[in-house]
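Each structure below appears as C-alpha cells.
What follows is subunit A paired twice: with subunit B in the first complex and subunit C in the second.
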Partner chain A sequence: MKKKLLSAVIAGFMVATPVMAELTFSALSYRTGAYGNNGIPFADGYLDYFTLLQERDGGIGGESIKVIECETAYNTEKGVECYEATKGEGVLSYSPLSTGITYQLIPKVTADGIALHTMGYGRTSAKNGQIFRNVFNFPANYWDGASVGIKHLLDINGGDIKGKKIALVYHNSAYGKEPIRTLEELSKKHGYELTLLPVDHPGQEQKSQWLQIRREKPDYVLMWGWGVMNPVAIQEAVNIRYPMENFIGVWWSGSENDVLPAGAKATGYKALAFHAVNSDFPIFDDMKKYVVDAGKAAGAGDQVGTVLYNRGMYNAMLVSEAARTAQAIAGKSNISQADMIKGFEALEMTDEKMAALGLAGFGPSFSVSCENHGGDGMVAVAQWDAGAGKWNVVSDFQASDMSVIQPLIDEDSGAFAAENKLSPNCD
Partner chain B sequence: MFYREAGDFSKTYREDSQTFPIRFDRYRYYAVLLIAFAIIPFFLNDYWVNAIFLPFLIYSIAAIGLNILTGYCGQVSLGTGGFMAVGAYATYKLMTSFPEVSMVVHILLAGGITAFVGVLFGLPSLRIKGFYLAVATLAAQFFLVWLFNRVPWFYNNSASGQINSPERTLLGVPITGANTEPWAVYLFCLVFVALSAVIARNLTRGAMGRKWMAIRDMDIAAEIIGVNPLTAKLSAFAISSFFVGVSGALFFSVYLGAVEVGEVFGINKSFLVLFMIIIGGLGSIFGSFAGAAFLVLLPVLLKNVLVTGLGWPTDIAAHLEFMIVGGLIIVFLIMEPHGIAQLWRIAKEKLRLWPFPH
Partner chain C sequence: MPDQLVYAMEVFLNGLMAGVLYALVALGFVLIYKASGIFNYAQGVMALFAAMTLVGVMEGQVPFSHLINAVLGTKVHHFGWHLPALIGIVSTVVIMVVLAWLVQRIIFKHLVGQEPIILFMATIGLAYFMEGFGDMMWGSEIKKLDVGLPQGINLWIDETTYNIFDYGFFIDNLDIFATIIAAILVGGLVIFSQYTKEGRAMRAVADDHQAALSVGVSLNFIWIMVWSVAGFVALVAGIMWGTKSGVQFSLSLIALKALPVLMLGGFTSIPGAIVGGLIIGVGEKLFEFTVGPLIGGATENWFAYVLALLVLVFRPQGLFGEKIIERV
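Coming up: the complex of A and B.
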C-alpha cells in the first residue's frame, strides 16, 4: 500500500513523455483569480480556433493539433511551472497572456529555442528581432497603443493638445508601466501634461485615484488596466461623472466584461483595438457549426464573438498561420520548434489570406521580418454603446508615431543586448 | 528497537550535547544529506528543479527565518514578503553594480542588508507586542513594496519596473540567467539551505535561542532572570531577516530570474510563509521544511494528478486545488495544532517503544 502510494505520488510529479507526432501548442491561460474575468474569454477563443481547425480541416497541413492548457492564475511562479511542465512535450509556441510571465519566459525560450508570441502585450522592445530572435509581439504593442491613443486625441482636437492635462491610470506592474516612457516622450513633442496614477494589484481599490481625477479634472484619462481593475475604474469614472468619451482604455481594458457592470452610463467609453470587435464574420458560422453546436467549445461556450474571445481567436489564427508558413518553408508538415521560429519570422498576413480564412478585414495586413518582429502597429479606437450592447470602431486603423517609438525600442533592446552580451544579427 | 538512546554511550561532553542524540537519527540525517547532495543532482531535469526543488528549498530558508522570529522569539511578523523583496533588490543592485564579485558574496551581503532593514523595522517590537506588532510589520510589508515600485534607482530605471537577473557564474558554471544547468542551481540553493538549517538549529539550541524562547514564553519573567529584551528581540529580528533576505535573493536571482515586486513579494507571500511555519510547526527547524514542502508540493501534486492524470478542465482543477489545500489546512490545525513537526515528534516517541508498546 505504502509503495503504491509512493509510486502514485512520484507519477503525480512526473510529466508525460514527449510525443512529437502532432503539432503541439500551449495555452498558458487563467480562468481563476482576479484576472479570470478577462482570461476566460481569451482562453476560450484561443482553444476554440484550434478545435475548429482540427474538426473542420483535420489540423494544420494535415497534422493534427494538440493544445495543452495550463492554469497560471496570472501568477509568475505558476507560469514558470507551466512552462517547465509543457516544454518537454515539444510545444511549438507559447502565448502566456501576461507581461510578467513574458519577462520570465524571454530568457528561458531563448535558451531553449522555442518561439514566444506575445500579441499586444509583453516586452515592447522585442519588436527588434535582431536581438529578441524568438520573441514576437506583432501586430501591435503597448507603445503603438500609447502613440495611437495620443494621435486620436490630436485628431479630435484639431491637431493641438498643447497644455491639455492627460492622466494615465495604470496597473502598477510591468504591464502598466510599459506606456509611461512613450507617453512622456510624446508629451515633450506635443506639449501636454501627464499625470501618473498607479493602481496596485488587484485593482479593486481606486477611490483615491479617482478622487484625484475629480479634483484635478484632467481633460483626458488613459487607462492601462486588466482584470478586476477595469470594471472598477469604469464604475468609478461613472460615479464621479467623468465624461466617458474622454476616457480611453488600452485594448486590454476594452471588453464587454469591463463596461457591462457600469450599465448604461458607460456609453461613450473608448478603447483601443488592433482587430475587429464584433462577430460579423463568416468564420463564426463555422465556429458555431463545428465547435459550439458539436459541444466541443472550450469553457462554458458562451463567449463566442466577444472582444476578448475574438482576440484569443485572432492570436490562435496568427500562430496557426505561422505554423503553416513554417510548414511551407521546411517542406514538411511535422515541423520542429526551430522551424516554427522561422515560420513566425516569415509570416505575412495579407487581406486575401484573411478573406480566405473567413476573417476579411478582421485585422490589418502586415508582414513580419527578422528586423521587425512587431508588425506595423496599426491601431483603431472603438467606442462602447451600452444601448446596443456592443463596441463600434469609430476611427480608422492608423500607424503609430515611429519617430518617437523607434529610438525607445533601440534603447531598450540595446540595454537588453548589453546586459546579456548579445550582438544583433539576422542569420 | 533500533530507535532509542539505550546502548548509545556518550564519552565526552561534545557527544552528549550533539544535535541528534539517537544513533538512528544521526544516520538518517547523514543519509538525507548524502541523497540530497550526491544522488538527486544526477536525476534532475528542468521541470523537477524549477517547479519543485527550487521553490521548496528557497521557501524552506524563508520559513526557517520566520520561524526564528515568530516560532522561537514569539514576535509575529507579516513583513516576510517585504524582507524577501529587500534581499532580492539588494542582490540585483549588487550584481549589476559589481558583476565581477561572486554571487555567494552578493547573496550573503543581501542577507546582511536585509538584517539591517529587519532591525530597523524590529525597533517597534520593544514597545509593542502581539497583534500590534503584526500591524507594524504589515506596515513594513506595504512600505517596502511601495518603495521598490516608487524609486526607479532600485530597478536601474528600467522602463517596465522589472528587475532581471543577468547571467553570473560560480567557478565557471552559470548559476543565474537562462543557461543554467539544473544540477548547478539545485546544488547552489541546497548549500544555502543546509547551512541555514545547521546555523539556525545551533543558534536555537544555544544561549541565544534560550533567550529568545524565554522572551517568547514570558517576557517580563525573562527580563527578571536577566535576559536583555533589547538584544534578544533585535537579534531575533536581525537573524530572521538575514535568512529571509537570503531566500529573497535566491528567489529572484536563481529561481525566477525576473521579478515584479508587487506581484512576487506582495502580502500573499508574507501569509504563505506564515502558513508554512504554522502548518509545519512553530519553533521547529524540521517544521519549516515540512511546512514549505506541504504548501509548495501539494498544489503541484494536485495539479498534476487532476489535470495531467485525470484530464479535468484546468479551471475546475484550480478551484478544487484551493478547496483541498484549504480543507487540509483546517483539518491539520484541528487535529494537530502544533503542526507537522508535532506529528513527527509523536512518531518518534512511539518509535522509541516500538515494537513493544507496553
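Coming up: the complex of A and C.
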C-alpha cells in the first residue's frame, strides 16, 4: 500500500512539474581558509547578482538561473575537485577566482568544451583567443595592471620616470610573480630601476622587506599581495612613514579589508581598479529591494557596495551578459556550452548597455573577439580616504601599453601552443 | 662604521623583537606540552579565537548574530556598547577559562591514558572545530584590534642612533611593548610554577601523572588550569599579532612560526621558548639581510626550519629540552 502511494505521489509530481530549462553557472568560491575574508564578499556579490536577475527579471532571456556554489578554500586541488564534481551539471562557464586553479583548469575546459572566465587574474596570455579558445580574461589582466601602474607614475611625473627607483613587494607565488616580466620590460623602456621584494605566504611577517625599503628609499612601491599580506604591508608602510600616495597596490590589494586595520594613516594609499569601488549606482537600489530586503542575499547583506562585493557582482554581470549575447547569436534561450563560448567571444560592453543595467560608468566599455579574449585592458587608479571611509577613483580608465605587452602575450601563448601542439585559429 | 654593519645592527635588533613575538606563540605550546604531554595543534587557532572574542566583546558584537538573524529573521548585530580594553581583556580571559574547562570536560577527560598521538589528533579536531565555531560566533570578516598599544617608529631610538651612526634605526613601538609584556609574562609564569602551590602541582603532574595523583593532586584541575594559562598566553599573542595585521583567519597560522622555535628551544622549557624565539628571529632576519638578496629573497620561512633542524642534529631534545631516557 505504501509503495503504491509513493509511486502515485512520484508520478503525480512528474506530471505536475513542467520541464524547466535552466542556465547553470558555477561559483567556485572560498568562504573558509586564510583568504576567506576576501572570498566572502566576492562570492556574495557574484551570487546576489544572479539572484537579482532571477527575482527581478525571472532569469536571463526567460530562462531561470541555477548557480552551483562549491567551496575551494583557495586550494588548487579542491578547485579541481569542484570542477570535476560539477561539470556534469551542464555548467555554462566557470569563474575559479584563483590563478592556481585557473592553470589546472585550462586543459580540462579545453577538452570538455566549457568556457573559463578569469576576470583580473589567471593566465595573462589567455588574452590570445586564437590559442586559448575557451579561456577569457577580460576586462583586464595583470600585465595591463602593471602597465597602467607605470603609466600612472609617468602621469604624475610629467612623463619621465628615468632614474626613479620602484620596488615591487609581491606574494611569492605564481600570482605575485605575474607582473615581474612586464615591469622589467617597462623598466628598459622608461629607464627606472626595479627592486623585487618577495613575501612568503601568508605574509604576516614583512619586517625585512620594509626595513630594506626604508634603507633604499624607493620613490614608489608597487604591491601584488593578497590576504593578510596586504594589511600588514600597509601597516608596515605606515610604521616606516613611507608616503602613502607613492604606494600602489594591484586590484587584489585594494579592498576595505586591506586598509581598515591601519586606520587613519592609510589615507592616500592607492590601488588599481578595473571597475567602480563604491555603491553610487542605481543597480544597488534593485539589489536592496529584490535581494537584501527580500532576505535572499547570499551573505548578511552588509557587504553590498564594498570593493570585493562589487567585483563579484561585476563578474556575474559580465557572465550573464555573455549568456544574453549567446542567446541572441543562437536564436534560442536555452543555450549550450558551445553557444556560451560564442557569447563570450562576441561580448560587447557599451556605455549604453551599462547604463541600461543601472551601472553607468561602473566599468569601461570594451569588446571581446576571437583574437582578443582580454578586452581592452582599461584600468584606473583609486585612492583610499580613511576619513570618509571609502575609495575614490582618482584617474580615468586608461589602456595598457600594448607595444610592450603584446610581444609578451605572443611569446607566452606561442610557447603554450608549441607545448600542446596547437595552431592558432579562429574557425 | 660601514653602512652595511650599521644596517646589520638594525636588522639584528628587529630580529630580536620578531623573536619575542614568535616566542609568545611558542609559550602556549610549551605550557600545555610540559603539563600534559599534549602537542596542542590548536594553539594558533586559540590565539585567533581569543583575539576575535576580545574585539567582539569590546565592540559589543552579538555572538552568532549571522546565525540568529538567518534563523529568526531578525537584524541584531550589536549590543550598542564599546567597552574599554581592560574590561574586554578580563572578559576574554574569563571566556578562555570557560573554553579550557569545556575542552577538558568534553575532550581530554575521556582520553586520559591514551597514546600521545591520540591526544594530538584530538587537538587537530579541536583546531578545525574552533576555526568554524569562531567564524560562526564572531563572523569571518577582518576586524581592527585597538587596545591602545603604541605603534610605529620609536622616535627616541631613531634620533639617538642617528646621532651615533648617522642613520636612525627603526624599531616598532609595538615590538618594544611586546618585549616588555613577554618579559613580565615569563617572569610571572616562572614565579607561578616555582613558588605557588598550584604551580608546584603542575610541575608534579608534568613529572609523573601517577605519582601526582597518588599524593592527591587533581589532574582534572591542573589540566584546566594549564589550558586556561595557555588560553591567556594565546590572548596576549593574539593581541600583539592582531594589532599588526587586523584580526583574521591568518592569525591562526602564526603557529607555523612557533614550530621552529619549539624545535630549537625544546618543547618543555619556558626559557627555551624565549631563547629559541630570539635565535630564530635574529637568524632568519640576518640570513635574509645577508644571503637573501643573492638568492632571490623570501628566505625567512624556510631558513627558520633549517636552523631548527641543524640544532636537532646535535641536540634532539632542543637547546633546553629535557633529555629523554627510556629503558627497554
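Everything that follows uses one rule, which is that the second predicted complex is superposed on the first by the 407 of 427 C-alpha atoms of A that agree within 3 Å, B and C clash if a C-alpha of one lies under 4 Å from a C-alpha of the other, contacts with A are read in each partner's own complex, and residues count from 1 in each chain.
Operating definition for what follows: contacts are C-beta pairs under 8 Å (C-beta built on N, C-alpha and C of every residue); 3 or more make two chains touch, one makes a residue touch a chain.
Because the structure is predicted, anything quoted here is derived from the model rather than measured.
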Inset, instruction - Superpose on subunit A as described above, then tell me if subunit B and subunit C fit or clash. - result: clash
Inset, instruction - Identify the partner contact of A:Arg31: answer first if only subunit B is touched, second if only subunit C is, both if each is, neither if none is. - result: both
Legend entry - Which of subunit B and subunit C A:Glu71 touches, first, second, both or neither: first
Inset, instruction - Considering only touches as defined above, state whether A:Glu178 meets subunit B (first), subunit C (second), both or neither. - result: first
Legend entry - Partner chain(s) touched by A:Glu81 [first = subunit B, second = subunit C, both, neither]: first
Legend entry - Which superposed partner A:Asp200 touches (first subunit B, second subunit C, both, neither): both
Legend entry - In the superposition, subunit B vs subunit C on subunit A residues touched: B
Inset, instruction - Examine A:Ala111 and indicate which partner it touches, taking first as subunit B and second as subunit C; both and neither are also allowed. - result: first
Inset, instruction - Kindly classify A:Gly295 by the partners it touches after superposition: subunit B alone (first), subunit C alone (second), both, or neither? - result: second
Inset, instruction - Answer with first, second, both or neither: which of subunit B and subunit C does A:Asp412 touch in the superposed model? - result: first
Inset, instruction - Can you tell which stretch of subunit B bumps into subunit C once we superpose, 134-142, 224-232 or 242-250? - result: 134-142
Legend entry - Shared contact residues on subunit A - subunit B and subunit C: 31-32, 36, 40, 172, 198, 200
Inset, instruction - Would you tell me which residues of subunit C are touching subunit A in their complex? - result: 7, 10-11, 14, 18, 66, 69, 73, 77, 131-132, 135, 139-142, 144-146, 151-153, 170, 172, 241, 244-246, 248-251, 253-254, 257, 285, 288-289, 292, 296-298, 300-301
Legend entry - Complex contacts: residues of subunit B adjacent to subunit A: 45-48, 50-52, 55, 149, 158-162, 164, 166-167, 177-179, 256-260, 262-264, 266, 300-301, 303-305, 307-309, 313-315, 317-319, 322
Inset, instruction - Would you pull the subunit A residues touching subunit B in the complex into a rising list? - result: 9, 11-16, 29, 31-32, 36, 40, 69-71, 73, 75-77, 80-81, 84-85, 87-88, 99-100, 103-104, 106-108, 110-111, 123-124, 172-174, 177-178, 180-181, 198, 200-201, 299, 408, 412, 415, 419-421
Legend entry - Interfacial residue positions of subunit A with respect to subunit C in the complex: 31-37, 40, 172, 196-200, 202-205, 207-209, 211, 214-215, 227-228, 231-232, 235, 238-241, 257, 260-261, 263, 295, 300, 302
